[in-house]
Amino acid sequence: MKVGLMGFGKTGKAVASVLLQSRETNLQWVVRKSHTLEHRSVPEFLGISSSEPGFIYSRDEFQAKELINKLPVDVIIDFSAEEGIEYYGNEARDREVSIISAISHYSPEKIDYLSYLAEKTRVVWSPNITVGINFLIIAAKILKKIAPYTDIEIVEEHFKSKPEISGTAKKIASSLDLPEESIKTIRAGGIIGVHEILFGFPFQTVRLKHESITREAFGNGVLFAARHIQDKDVGLYSMEDLMMPYFNIEQNLP
Amino acid sequence: MKVGLMGFGKTGKAVASVLLQSRETNLQWVVRKSHTLEHRSVPEFLGISSSEPGFIYSRDEFQAKELINKLPVDVIIDFSAEEGIEYYGNEARDREVSIISAISHYSPEKIDYLSYLAEKTRVVWSPNITVGINFLIIAAKILKKIAPYTDIEIVEEHFKSKPEISGTAKKIASSLDLPEESIKTIRAGGIIGVHEILFGFPFQTVRLKHESITREAFGNGVLFAARHIQDKDVGLYSMEDLMMPYFNIEQNLP
Amino acid sequence: MKVGLMGFGKTGKAVASVLLQSRETNLQWVVRKSHTLEHRSVPEFLGISSSEPGFIYSRDEFQAKELINKLPVDVIIDFSAEEGIEYYGNEARDREVSIISAISHYSPEKIDYLSYLAEKTRVVWSPNITVGINFLIIAAKILKKIAPYTDIEIVEEHFKSKPEISGTAKKIASSLDLPEESIKTIRAGGIIGVHEILFGFPFQTVRLKHESITREAFGNGVLFAARHIQDKDVGLYSMEDLMMPYFNIEQNLP
Amino acid sequence: MKVGLMGFGKTGKAVASVLLQSRETNLQWVVRKSHTLEHRSVPEFLGISSSEPGFIYSRDEFQAKELINKLPVDVIIDFSAEEGIEYYGNEARDREVSIISAISHYSPEKIDYLSYLAEKTRVVWSPNITVGINFLIIAAKILKKIAPYTDIEIVEEHFKSKPEISGTAKKIASSLDLPEESIKTIRAGGIIGVHEILFGFPFQTVRLKHESITREAFGNGVLFAARHIQDKDVGLYSMEDLMMPYFNIEQNLP
């Protein structure tokens, strides 16, 4: 699978490193807004031995059309910013290149645009694209249906300087129809990221807990999405949509 | 739902207390091997105000046939011992009384006998009948399918005097096709019971954790089983079988 | 050590059960406000085989003077209510009977009265008299001195119906000069009681965590206090005062 | 405080980064066995803006005498290997340069050599030089003295490829006079490092838990050691020796 990556900030670099080390994907290019690192080789920059082309270009240097002509891809992975999609959207639609976007937030207009793209190609959008968090959200929804009488609390821990309630915790709360007050926010030292969903039964407790180790976790989420989008029809998908078939047990479990 | 209870040890008492306090069940009788507490009222003995009949009888005093003639039940709940089923099995089969058994271990002959009973009535057998543990087992199976490359470890903590590896931990291990060495056993002080299934991803960790507070948790599991067996066909079921429909998401989640 | 117990609510009963099972203490009597259970034997009521006298009296039946004349004690243990001390205070002072009080809150007048009693006898007052919590508080104070640059957060988990922030969590916060906002309060199901003090360092985390299993933990705290007050001078002590000598390492550790 | 660093592997780099960012230390040089990165500037290599000299030299290029003549230091910090001390030991002894060594293991001969160096200069040796772990070890020793009747278990979690029981866990076990079987070893995914010391009381549990986030934690431990060795007499010290004064509460706590 030939892939291109939009964005090369801290998370973009971590995702690039996972893509380079995966046999499933072949990194064709990275496009970023800034001119810094222009024309550097990603494998060389990250110190990973790889024969994948993976050079860094700025948006100004090429239009998406030119770039994809030169270096065609099957999937575009977007860790840039909200407006990143303007660069490559129409081109991806026309060529039926799949899109995997991990942008935290899109305006209503951008969401409409995603739907427009999804008429002709496959689009995955997930603000938290880790396998673990998306699994926990689905599992928690199911447990709430099994035991609607439980009290559910969400605890999230992050580094001291993280300013607001974690977007992932808010997503968990809204998925479970819980008010934002169910989220207890802990800020201390250099904690990377912990999310716990606690179900209090009268005589037992169930805790579903996710701990991030490094940003490379997003890379594994991208691989999951890339692998599972391939046999899908065109349309707009969330990570939950891609993961749900695993929960249909009779078909999927031995 | 009229229910009878086999066994009145520590767990039997805890289950009786949950049954008495539930509006879904009406406790008709308790049968135990010992003559201790014979003819005592369960509500009075447990200090629970209830108008349910719930007297204690010994096996010697009545045969199951007589007892159920006098005090008919829809469900027999078994927290006695392996041979308890000999007392009431044929009678339950003939009258199509449902059976919910939480016996830890049955011999192959007894398992055959369960299947024989299940030809004519509904039988649930689950050595750990809590909602939490059975949910965790199914969720863990699914996560293993989603992320087969993870390392899975099982940690169980119990009070110092518990002699062996927890049967529940063994059940979790076998459900996940893991060797018994994946179970790390901690014995310390008065810990009631903790089970954790840890999934180690390269860059993230998912922990599914169950903590028992008191034995009454088994009572809530029995209520779940009693509620979900009602509309099933005759046959032999595990707690997992009863819980699985909740995991078929397209049908069950909003 | 001959002991008398004030109060026979849920916690009083749990403490009585620990006292009866300890070889260090011999329970002479229980005094309570209510007439319920009057003249019942505590060992018999709790189902513990013991040759200790331990009968239950109401405050109205005897004055403290009469009772202690009849059944002298070395230590009075108070799990009753704020005004309990009025019953036995002067008598304990005159006879130099030690006092161990676990009352949550005393008015300033009552605290003055404690100091007055402490002029002539040994008085321990600790609203949370468990060994674990008092150890954690001292250890946390020390770690804060070692690493003043860490961020400290307090998490407390209790059963859904517990109305306010836990008094123990407030005590931890004030011991560490932290505002009450450092306390994150979780209320869910039947959780007995969990307190965690989290120290966030830039590149590591230390968590000091206490989990209550049952109220009997208070009984072990009473035994610790009773054992350590014996060789002390008259005066007013907290559990921390009694525990601190263990922290003077050069003298106390091998 | 002018410091020199031996070793520039993964941990050496992390420690260098903390040293460069601390106002307490000024990094004069890094010496390593390999010729790779020779003459590179550490601030530039790590992408940290700093005016500290901090160049990288190989052992072959200069003897310790020449190097320290050129670039004198107050403290040598050793994250190299067992034989590293041969390079700088005598020179440090003669000039009374303090030594902080984090080498995991020294032969008995090397330990004798450390004692010889410690006759004339201050030497700290600690195989796990984090503040958190050393605090936990002392706190655990104290709790064991307070509650000798508790059951103690040690749990350590690390990444899948870590081959043996963690040296830190072994150190904890030996400090508490526990057999190695008290250590439960979990290996899964990319877990950086977790150590938990669990005290099981009859009716409560205390857990002392340390989680490593990144190797930079060792840098903060080095800063603690460097700060606390300054006013000490010549001699051989462990991290515990330097930390113990904080536990002498009457003198040190308000």
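Letters A, B, C and D name the chains as they come in the text, with residue numbers starting at 1 for each one.
Here is the rule we use: a residue touches a chain if its C-beta (ideal position, glycine included) is under 8 Å from a C-beta of that chain, and two chains touch if they have at least 3 such contacts.
Everything quoted here is computed from the prediction, not taken from an experiment.
> How many degrees of rotation carry the C-alpha atoms of chain C onto those of chain D, rounded to the nearest 5?
That rotation is 180 degrees, given to the nearest 5.
> When B-C is set beside B-D, which has more C-beta pairs in contact?
Counting C-beta pairs in contact, B-D comes out ahead.
> Taking the mean of the CA coordinates per chain, how far is chain C from chain D in Å?
One centre to the other, that is 40 Å.
> Just curious, how far off is chain C from chain B if you go by their C-alpha centres, in Å?
Centre separation, chain B to chain C: 38 Å.
> For chain B and chain D, let me know how many angstrom lie between their CA-based centres, rounded off.
Distance between chain centres, rounded to whole Å: 51 Å.
> For chain B, which residues are shared contacts with two or more other chains?
As it turns out, chain B has residues touching two or more other chains at 189-191, 199, 201-205, 213-214.
> Can you tell me which positions in chain D touch chain B when the two form their complex?
150-153, 155, 157, 159-160, 184-191, 198-205
> Touching chain B in the complex: which residues of chain C?
Touching chain B from chain C are residues 189-192, 213-214.
> Would you pull the chain B residues touching chain A in the complex into a rising list?
130-132, 135-136, 138-139, 141-143, 145-147, 199, 201-217, 219-220, 224, 243-244, 246-250, 252-253
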